[in-house]
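Okay, so chain A shows up in both of these, paired with chain B first and chain C after.
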Partner chain A sequence: MDYLFAVLLSSLSSASILLIATIGLAVVFGLMGVINLAHGEFIMFGAYAALTATQQGVPFILSIPIAVLLTMIFGALVEILIIRRLYGRMFDTMLATWGLSLALYQCAVIIFGTVSPGIGMPQMSIAIGEYSLAVYPLLMIVVAASMLIGVYYLLTKSVYGMKARAAIQVPHMARAIGINSSNTNTLTFAIGCGLAGFAGAVLLPIVPATPSMGFAFVIKSFLIVVVAGPVTLAGSALSAIGMGGGASVISSFMTSVAGDIFFFALTLLLLRFYPLGISSRWRFKL
Partner chain B sequence: MTFENLYKSFKYSLPLALVVMVIAGHGAMDPYLAYVATSWVIFGLLAMSLDLVWGRGGVLSLGQTAFYGLGGYFGAVVAVNMAPVTGNSLIWLLPAGALFGAIAAALVGYLIFYARTGPLQTTILTYTFTLVLWTLTQSFKLTVGDAVIGGDNGMSNIPGYILGFGEGAESADPNLMFLIVVVISALAYLGVVRFMDGSFGRIIDCIRLDEEKAELLGYDVRKFQLYNFLLAGGVAGLAGGLYAGWANYLNPSIFSVQEALLVPIYVLVGGRGTLSGAFVGALLIGGVSFWLGGGAIGGQTTLILGITLIILVMFLKKGLLGALDDLCQRFLPDYNAAARDMKPVEVDSAVVSKIMLDAEAVAGPAKSLQSRDLLKRFGGVVPVDHVSLSFGPGTPHSLIGPNGAGKSSYLKVCVGLYPQDGGQILLGDQDISSLPMYERVRAGIAVKNQKPQVFPELSVQENLWMAAYSMSREPEKAGEVSSAILHMLGMDKQREVSAAVLSHGQQQWLDIGMVLCLAPRVILFDEPAAGMTNEETRELSKLVRLLSQYVTIIVIEHDMEFVRTLDGAVTVLHQGRLFTQGSIAKLRNDERVLDIYLGRRAHVQNL
Partner chain C sequence: MIKSSIKRVSVAALLTALASGTAFADAKIGAIFDLTGGLNIYGIQQNNALQLAVEEINAKGGVLGKPVEVVTYDAQSELSKYTQYTNTAILRDKIDVLFAGLTSSSREAIRPIVRKAKVPYFYSSLYEGGACDKQTFVTGSSASQQMSKLITWGLKKYGPKIYIMAPDYNFGTISAHWIHEFAKANGGEVVGEDFLALTVTDYAPILQKIQAAKPDFVVALPVGANQTGFLEQFAAAGLKDSIGIVSTNYGSGNQQVVVSPEAGKGIIANQGYFMQVENPENEEFVQKWHAKFGSEVPIVSGAVDVWNAVHLWAIAANKVGSVDNDKVIEGLEKGISFDAPNGKVSIDPKSHHLNQNIYIAEGNTSHGFNIIETYKSVPAVFENETCDLVANPGQAGHYVPGQ
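Then we have the complex of A and B:
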């Protein structure tokens, strides 16, 4: 019984980690219709920013906002220099961000080398019966939930959020009523990147910063967003918990390869029945 | 020989000339250059497979290196085991590679196209496929006979290109390798270009331009997309087999993102959709990085390539061949000029009757269209609310009703553009409710949507031919039918004009012509008169009345004068339901019909 509970809890934590890595991608896709293939590298950017900050003596907790801010600024630059020029050209945007992904990867190799020191995980654990679980990964459940709630409130209750949703739904109408949709899009992209930076920083104790960490993350994040469909935020949350959590449960009882196979098989199955994503028929729109 | 003919022959003559030059100059190249250049040609072949899928098919696949790598591995496994027996290695390496690449592409393509995932999802899924293979192959270890796939350590001892048979046959030297690869790639290129020049390629082009219209013409879009994907997978697998023999060694890096990134770069540099551009791009990038030093394995290649891709996407949209093509266009005659002296369409009843009788000889007698309790819901809106109607030939049917009455939705449900949520649709005696759209079209139902749908890059004649070919699947017959319709539309002189330059009204006529090319037994027109002049509307009315003698025809129109001239049966829809039916004279005196059009309250509420 304790074992089952421990497994469920740690699976929920793995699913939350996946969700944390995915939310930024989902926001950009949902609000701009842009798939950012460099999303993984923005996570890496955040991780290295936080790592460098802690190496300079900044406490880890403070290095997180620094990483978010830096990633947001960098994201805004990328939007202004590249993404903005490719609006309406979906494939071209993907290719350009893909090029960016590779360029950033190589930059990281040049600057930081291929291996870098991790930072220690806070040594705290809780006991469930005879099983002991580290607290930090469990904390990620709370972090993921607060990220979701935060983004939801940002998009529904703030003026920016309304503008952003107006700008993506009917861009020319939004412009006609005086919304500067390109500024809004820059901010949206920056927020998406900031969320990626946050993910990189907050996950740093669990996932050490390496130049290739982005590739590892994005595979599952992309699939989550694709399976989620048009209602990106709620859809991503649901598919991250379902697919990521399910895969994690399977890998606790069997092997991690079995967990991965479950994940990919479930993706294919879901896409067979919901080719445009599980949320394509939902009436709820966020 | 005019410049025009010369221009049209370029895609065959120029590559052939290059191959002849390579054969003539055989042995003269520096062996090292020949060795390296061989790989550029192989990459060109790989890039051509992407251009097939992306440039022609309109689907961006980031999985071409996956099929290439799988083809390479499989070809190598077969060659390692079989080449010592026969001597010759190419007869194993290449067919096995191409076959396995094609099989893998067919599996992936089946999942993607038959699930009808969106374009974005398709790209992501192919990219994921590559990434997953990259991860899995790192630890994948397998021994098949003499072949050892060693995960990270890769697979070595792959035989080179051995041409001779028997015991003593030896591997080709670099110059001969180059020659072999050039000849094989040229054969593959010419075969693919020739194939794509035929009806298959035209259908693929139509799917890229307008997938919905292609299916409305009765083409099984998914099947053609799958075949195209399979063909491209085979080409990629062939390239993989060539690569395995060239390198004598394979490892998981063939599936790496860096490798995959190069493929769209080659295509973009050369020019998308040209097929030959893939080779131009690969040779150019290979050559430049070779002479700049470092080759393809130089230190910061990834960084440079990443930035190159961004710049290419942003600034060089058409690629080198695209730019050259624009230059050539200036010296070609401008067929579109003929669009200016297009005469208004005049419907000749003798011509129309002949066309309709010919169609009847092929497609059989007219069929009726019936809906029973048909239901379509969009969330809380119910545009088709349990509608039971029946239409037959002999008199034109008009479907009228105020905006939002559900007229267009009704047509779209009948043809299968919207899946119905309940009820039945009968075409003649056949229940077509569960058939996909293209099968309904093939069964004899044809629709012209509100917005004219023509393939803009195709000429007027080609547009009609595509429709006619869908029915007969015989090029000559399609030519005859489309010429007859072209004549009926009075567009003989405009046959070479591209459909994009036609006016809205002319596009309407062309779209109507395409519908007639399908020899339909039931015709659905959604606002055909929109954008037409008064004269043209008169001719259209005459055409509809003529057609109604041979087939069942249903017209949605807001132009009441037009509906009056049709002098047929009128059905009024209101809020998704059947409101009333009758002749236009009767309905004109029906207060309730006037009420729903004018929005007078009293009667509307008492519905």
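Then we have the complex of A and C:
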């Protein structure tokens, strides 16, 4: 019984970690239709930004906003220099962002080398019966939930959010009513990147900063967004909990390989029955 | 004018060469390592060690009285590049000896090519063991070589129950085989095992399983940056106080630098080399390394494995007075030894593996190790049993235990 409860709790935290890494990609893909294959490298960017900040003596908690800001600025630059020239050309964007990911990876190797000291996880654990769980990964459940709520309010309730959705859905009409759609798009992409930077920074104690860390996230994040479909936020949350959490439960009772098989088999199955994503027939929009 | 002076110089060179009666060309060695890409955490140091070794050999008069020339290739952490550059090195650059590879798959890609071309080849990395080929020499330690000491040590220190955490490919599965073997032979018991993909970043499920299985110690073989996170999460869950953690490859990629001091303290590592080994050769080696490459990144065992390989080859070539394939191999098979930074190493003529020291070290709080046990001149157990290249020069394969 204790085991079951410990497994459920830790699986929920696994799903949350996956969701944190995915939200940035979901925003950029869902709102802009841009498949950002460099998403993993933006996570890495955030991780190194936070790591460098802590090495300069900034407390970890303050290094997170610094990382978000830097990743947003970098994301805005990327949008202006590369992405905006390729709107509507999905495959060209994929190719360009994939190239960007290779370049960023190698830059990280050159700047930071292949090993950097980690910052370590707070050595706190809670006991459930005779099982003990680290506190920090459990905290990620709260972080993921607040991230979802925050992004939801930003995109639905704020003026920016309405402009952003208008600029993408009907760009010429948005321009006609005076929305500077290209600036709005830059901001949207920057926010997506900022969320990736946030993920890299907040997950730093769990996943150490390395040049190749992006690879670990990008495949599963990408599949979650694809399975989620048009209702990006709620869809991603549901598929992260179902697929990521489910895989984690399977791993706990069987093996990690079985967990992975479950994840990919479920992806195949869902896409077979919902080719446009599980949220293709949902009523609400985010 | 320029042309004629070049001609004159080359004629002069030709005459000296003829007069001294040695080979025309200097010995040429090929080096293929992963200088970029995911594996360069090892490849850069392997390549650095090769440069350093060649520098020292050349300063001491070179091979056959001439400086050694190096041709370097970057395999970019891609398997296909190993095949491509091995062919380039042999066919275009006409190398006399090859030093290359980190992963077992890279070695297996290279092995048939050098075998056919008859070029001596040195593979320098700790690995799962079992490679056997006339052309191939292994200077890293094998899984059976390390596990034979680590498991008996762990059983004595912590108790009989073992949990295995290993990467899901042949290094992990073969290492796990040896854990089972040595556990059984010494009264231990494997109470659980989990093989993990290299992309796993979240270890909550396996931590729950470990707690359910209640082992006395965990044999963890994390490969790559993601799996280093396992050690961090293991410590954060508070398991380190009650469960020991030992590894044959922790530290081989400087994981102790990535792991926080709290998580790294007390992790038991077991390898053929640690930077903290105390002997005059290592002191000199570390000093030279720091002077040339800086002291920020600790030196890994793979670097010393390459250093030893280059020196062993040079000793053999100088001994037989030739860099010719058959003669060099004959020289190497005379069981030559070398005072290496990791203590004295000697080649086993039959298996082409090294008898070398195996160290057990404990992680400390300053991203380093304290050596707590030294086993002198440990043989490569499994390789010496399965491989006899003196009796059967035609033997070639990658042997897997239990088959």
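Structural remarks
What we mean here is this: the second predicted complex is superposed on the first by the 286 of 286 C-alpha atoms of A that agree within 3 Å, B and C clash if a C-alpha of one lies under 4 Å from a C-alpha of the other, contacts with A are read in each partner's own complex, and residues count from 1 in each chain.
Here is the rule we use: contacts are C-beta pairs under 8 Å (C-beta built on N, C-alpha and C of every residue); 3 or more make two chains touch, one makes a residue touch a chain.
Everything numeric here is computed off the predicted structure, so don't read it as measured data.
In the superposition on chain A, A:276 makes contact with chain B only, not with chain C. Contact with both chain B and chain C is seen for A:215 once the two complexes are overlaid on the shared chain.
In the superposition on chain A, A:137 makes contact with chain C only, not with chain B. Looking at the shared chain after the overlay, A:268 reaches chain B, while chain C stays out of its contact range. Of the two partner chains, chain B is the only one touched by A:103; chain C is not.
By the touch criterion stated above, A:94 is placed in contact with chain B alone, chain C being left untouched. More residues of chain A lie in touch with C than with the remaining chain of the pair chain B and chain C. In the superposition on chain A, A:149 makes contact with neither chain B nor chain C. Common to the chain B and chain C contact sets on chain A are residues 106, 215, 219.
Per the touch definition, chain B reaches chain A in the complex via residues 54, 60, 62, 111, 115-121, 123-125, 127-128, 131-132, 135, 257-258, 261, 264, 268, 300, 302-303, 305-310, 313-314, 379.
On the side of chain C, the complex with chain A involves touching residues 36, 38, 40-41, 44, 168, 194-197, 199-202, 204-209, 211-212, 224-226, 228-229, 232-233, 235-239, 253-254, 257-263, 296-297, 367. Residues 3, 6-7, 10-11, 13-14, 17-18, 106, 109, 113-125, 130-137, 205-208, 210-213, 215-217, 219, 248-249, 251-252, 255-257, 259-260 of chain A are the ones touching chain C in the complex. Here chain A touches chain B in the complex through residues 35, 37, 82, 85-86, 90-92, 94-96, 98-107, 110, 215, 218-219, 222-223, 225-226, 264, 268, 271-272, 275-277, 283, going by the rule given at the top.
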